[in-house]
């Protein structure tokens, strides 16, 4: 799918900053403006970045954080690729991207990411690089190209004012029965929306006998053989969907709107610490509650990556390191601070103080979040990004038509 | 489209001075615009690729035209722009005709019609979601008076294959445009012409058919071409209000342009070139029509 | 052949009275000029007659029958405007034949008659031209052809010549008058130019501020103006205030005998046309002495100004008469009693 | 004397009573049209002062200024976006007017060979979709390494704005009487002085209108700014789009209103001039 890049590799410039010489990185980063490209759709997350990371970077490192909101991370990826292909090997516009999955794979394949830096950050010691959900990003080894920011897990959201927990579907098979009983009350965002992709990938796991088959590299023959079951399922689902499947909402934001206004009965979330921030913002009704399928939901990590042509790689490293500070990870986890993002570090690698602080946050999660243990127990891994690309493409063909 | 000089042209000006005056504008607008179109064309033909070798080929066009996606998108986009242009044109003329006496002598009418002038289509589209959505304000009003028993019973205007909210947004924005232009064209002369025609025995319909309409046509036609081109090329409105299928051409082009697969870029630019070709065609048809009106202005 | 009568017609626009209590009768086949300064309401009267406006009060009758209920297209009272009233998007022939087409005449037949009429108004072979390719005079000829082809009961002309050069204007006046006479179309001709009004009109109706000031043959307006305003509008130069008692008007420079006119006694204004003033030889009455202070050759006549004490009188002499006078001469000035005209003196 | 405005009173093609009735129904229609025109803005205003305002609420359960408080907070990103938008807008206005005044004069007052070609070249960008222009130029801007993206955005904003400015200025010059300028020259004014003291005051109202139009067009650009600005030039529409993708309706509505407020205010302030221009020159599709 992705044509090999014609020009010579750009990564590994001799004068790229070396995190091993951390003092040198920090002193070089002083006075730099850090262009962080990230999805800008959540005002709570934006505010967290601006009000928590920004002041720390400014005060402690003299780095000016310039958060650049994009409507879709793909825009930022595309930008890096275009720049590099247009011959701009240095001084690129993007210093740091919030990224994962197929976007990571794309940049990796285009050799457009700075290599071999993340594991050498001082705070990399808090990261469990061997855990697959951290060390593999959609099956692709992170291998020093990315540094974790946090983790997420797919969850469904229902309105407890409309249903009791016992009435909810607990698997894709159950979902089909449920939509037959509640026609027009369910839909999912159209891929290539991230949440839409994830919804159909989970279905793919369940309908093809589990994720285990798909771990490892892309099995195109297996995919071709097994994926029709998914399209059959989605086509069977379609007539019972919102508007009989003639249209799909374009994004999670739209799905949330449909849910909140009672047009449909479920929406999705990715935040392990729950939907408190969305409820507080008035995006979701106060009676909303998350739930998961017994057959599992996909959990993964998201990362910060530095483009190979970044103008300010040192500042980027400083920030990637900063966000791993246990204290800031705890702040990010606490829904009261507006985000509720999962941890990017491992509790077992922390000192007692830090661990207790984070556990306190986890214990304090209310009914707008699921038990961490429950989430853990149903967590499914991501698989190679090629599956995402293939599912996305075939969905267009078999479902959207 | 340019106004002819009322106080006569300056026949005496030296040609060199005329060109000196034109040059700055030409030197900025033309290169940027021409370069943009030329680069779009080149990239659609496989030249200057972001990935792979530069090789002249019609692959992008072949791929596009052999699949059904482009054709459906083309049909949908044409339907959206033609529909909204015609609707806005009709309503604009009706409003101008109804308003021309009400507001003669006061500028309130013209001012009123300019109110939504500074509102970007992006804002208009966002407002349409809240107004026309199945759980939007209109649906709530309908629900509160018992017309519907839930959002699903409200007609699907947003994300619908018929693109009705898109058309509504365009019409909302373009009706004042047409009305303003029609009001200006009617001016004070239309009354005289219609009066004369009436005394010559033309009834209400014939006056409209033989006097008012011919007076409006020469100004409304170019305006319609502008609106057609604009609605054909606007990206934000179909993106925010359009369904997942069919996709308007600008949305399709943008999706391909920002596709992670950089190899899809030539197709994105090819769609852009097709859009330009269709708009050019519309302009040519207008010029052809315009010849029939030659001497009418 | 249609008679037009307006009965106590008023037209009010919101707060402005455009026409007040106007009564007017036109005779069948006559050309009546509506004269008045701009803004006097002339065009409004025309539009009322045409049916483009509806009177606030009063009645409008064609041949004695009220037409108020009829829309303009049924009245056959054809309007011709001063401006470019030709439909700019139609050829000259189509313009000319417009009324025929509106009445459902077949297109080819209508065009044939259009061509014929264009020839008759002096535009042979120009039928295919657009109005923008015609001169102003030619455009007005097409407009006339268009109006005539409508076979109007009434022809309503709103300053049709105002935008034309003087020579063209004379030609058009002739053409209009000729066409109107030949067909005996009752015509209302609006103008603000008193010279044109006099030349065109069988009768003149003078309108001031929406009211009829005076109606009658053109000559009356020069020799028998009803008021100082009328006299002034017609360019009267010699007006003297005085007091009328018996047959005598006492003016500051002389007691003048009057042959005609019997207004109530009291303050009056006396007027006399310059060409009626006699110089040199004394007459039987009203002769005084004056001194010539100015003399200007004007081609057809010589304009002379004579001072009688503080008063200056304008006189008009034939060039050969004028030869015997020069500036500074003292001469006898006679104001013949039968040429003096009195107007009420209590206005302005 | 009858004022002109009154003279053009509606032709009473009907009868006395229907005339009044027609006027009344026209006024009613005007009311409806006005309502429909501002309705979408009213909807935005309503949603902006609510929280959790979901179907079937008609009157909001929770009237809430949260969105406005967040956006108008001193640390809000709105201010930076506003400054960027204003900067880009003013720069575009300045350059567009400098280009359009001489060009408008040439097109409005002179006839010359190739005039139609020049008109076409200057007007064609009006018809081209901004998306296509942006996609085409993206490559060139990357190659040229226009490091200061702000100026790149200003440059591409000239493509859709200069045609409008030229259109307005050529109309202004078509009605402009050269005589007073000639008079000034014979009275000893140099070319520049004549422009400054005679031409400029005469065309000033037209300049205001052209400037307002250019500003509005620049202010409304989304896709050109997004692609050419590479996301780094965050104008109000860019911020608005990113915000809308988060689905916070109140926040999006309030930001939408903030986005249009400055231009709407400008239009109100200059409506005297704008309304006086021939309407055909002030339309924006």
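Order of writing sets the chain letters: A, B, C and D. Residues in each chain are counted from 1.
We adopt the following convention: contacts are C-beta pairs under 8 Å (C-beta built on N, C-alpha and C of every residue); 3 or more make two chains touch, one makes a residue touch a chain.
All values derive from a computational prediction rather than experimental measurement.
Student: Relative to chain D, which chain has the most distant C-alpha mean position?
Tutor: With centres defined by C-alpha atoms, farthest from chain D sits C.
Student: What are the two chains with the top count of C-beta contact pairs?
Tutor: Highest contact count belongs to chains B-D.
Student: So, what's the distance in Å between the C-alpha centres of chain C and chain A?
Tutor: 90
Student: What is the distance in Å between the mean C-alpha positions of chain B and chain D?
Tutor: Each chain reduced to its C-alpha mean, chain B and chain D end up 16 Å apart.
Student: Could you tell me the distance, in whole angstrom, between the mean C-alpha positions of chain B and chain C?
Tutor: 54
Student: Taking each chain's centre as the mean position of its Cα atoms, how many Å separate chain A from chain D?
Tutor: One centre to the other, that is 40 Å.
Student: Among the residues of chain C, pick out those that touch two or more other chains and give their numbers.
Tutor: 47, 51-52, 71-72
Student: Pull out every residue in chain B that's touching 2 or more other chains.
Tutor: 50, 135, 151, 195, 198, 257
Student: Which residues of chain D are in contact with two or more other chains?
Tutor: Those would be 3, 6, 9, 11, 13, 54-56, 139, 241, 244, 249.
Student: Looking at the complex, which residues from chain A come into contact with chain D?
Tutor: 35, 37, 39-43, 46-47, 50-51, 66-72, 75-76, 79, 82-83, 86-88, 91, 93, 251-254, 256-257, 260-263, 281-283, 285-286
Student: Which of the residues in chain B end up touching chain A in this complex?
Tutor: On the chain B side, the touching residues are 49-53, 133-135, 150-152, 156, 159-161, 243-245, 257-263.
Student: Residues of chain D touching chain A in their complex?
Tutor: 50-56, 62, 64, 66, 70, 75, 77, 138-139, 142-143, 145, 147, 149, 226, 230-232, 234, 238-239, 241-251
Student: Along chain D, where are the residues that touch chain B in the complex?
Tutor: 3-6, 8-11, 13, 23, 26-27, 29-30, 33-34, 36-41, 43-44, 46-47, 54-58, 95, 98-100, 102-103, 105-113, 118-119, 121-137, 139-140, 155-156, 158-159, 162-163, 166-167, 170-171, 173-178, 216, 219-220, 222-223, 237, 240-241, 244, 249, 252-253, 256, 259-260, 263-264, 266-267, 271, 274-276, 278-285
Student: Which chain A residues qualify as touching chain B in the complex?
Tutor: Per the touch definition, chain A meets chain B at residues 1-6, 72, 74-75, 77-78, 81-82, 85-86, 102-103, 106, 110, 184, 190, 242-243, 246-250, 254, 257-258, 261-263, 389, 400-401.
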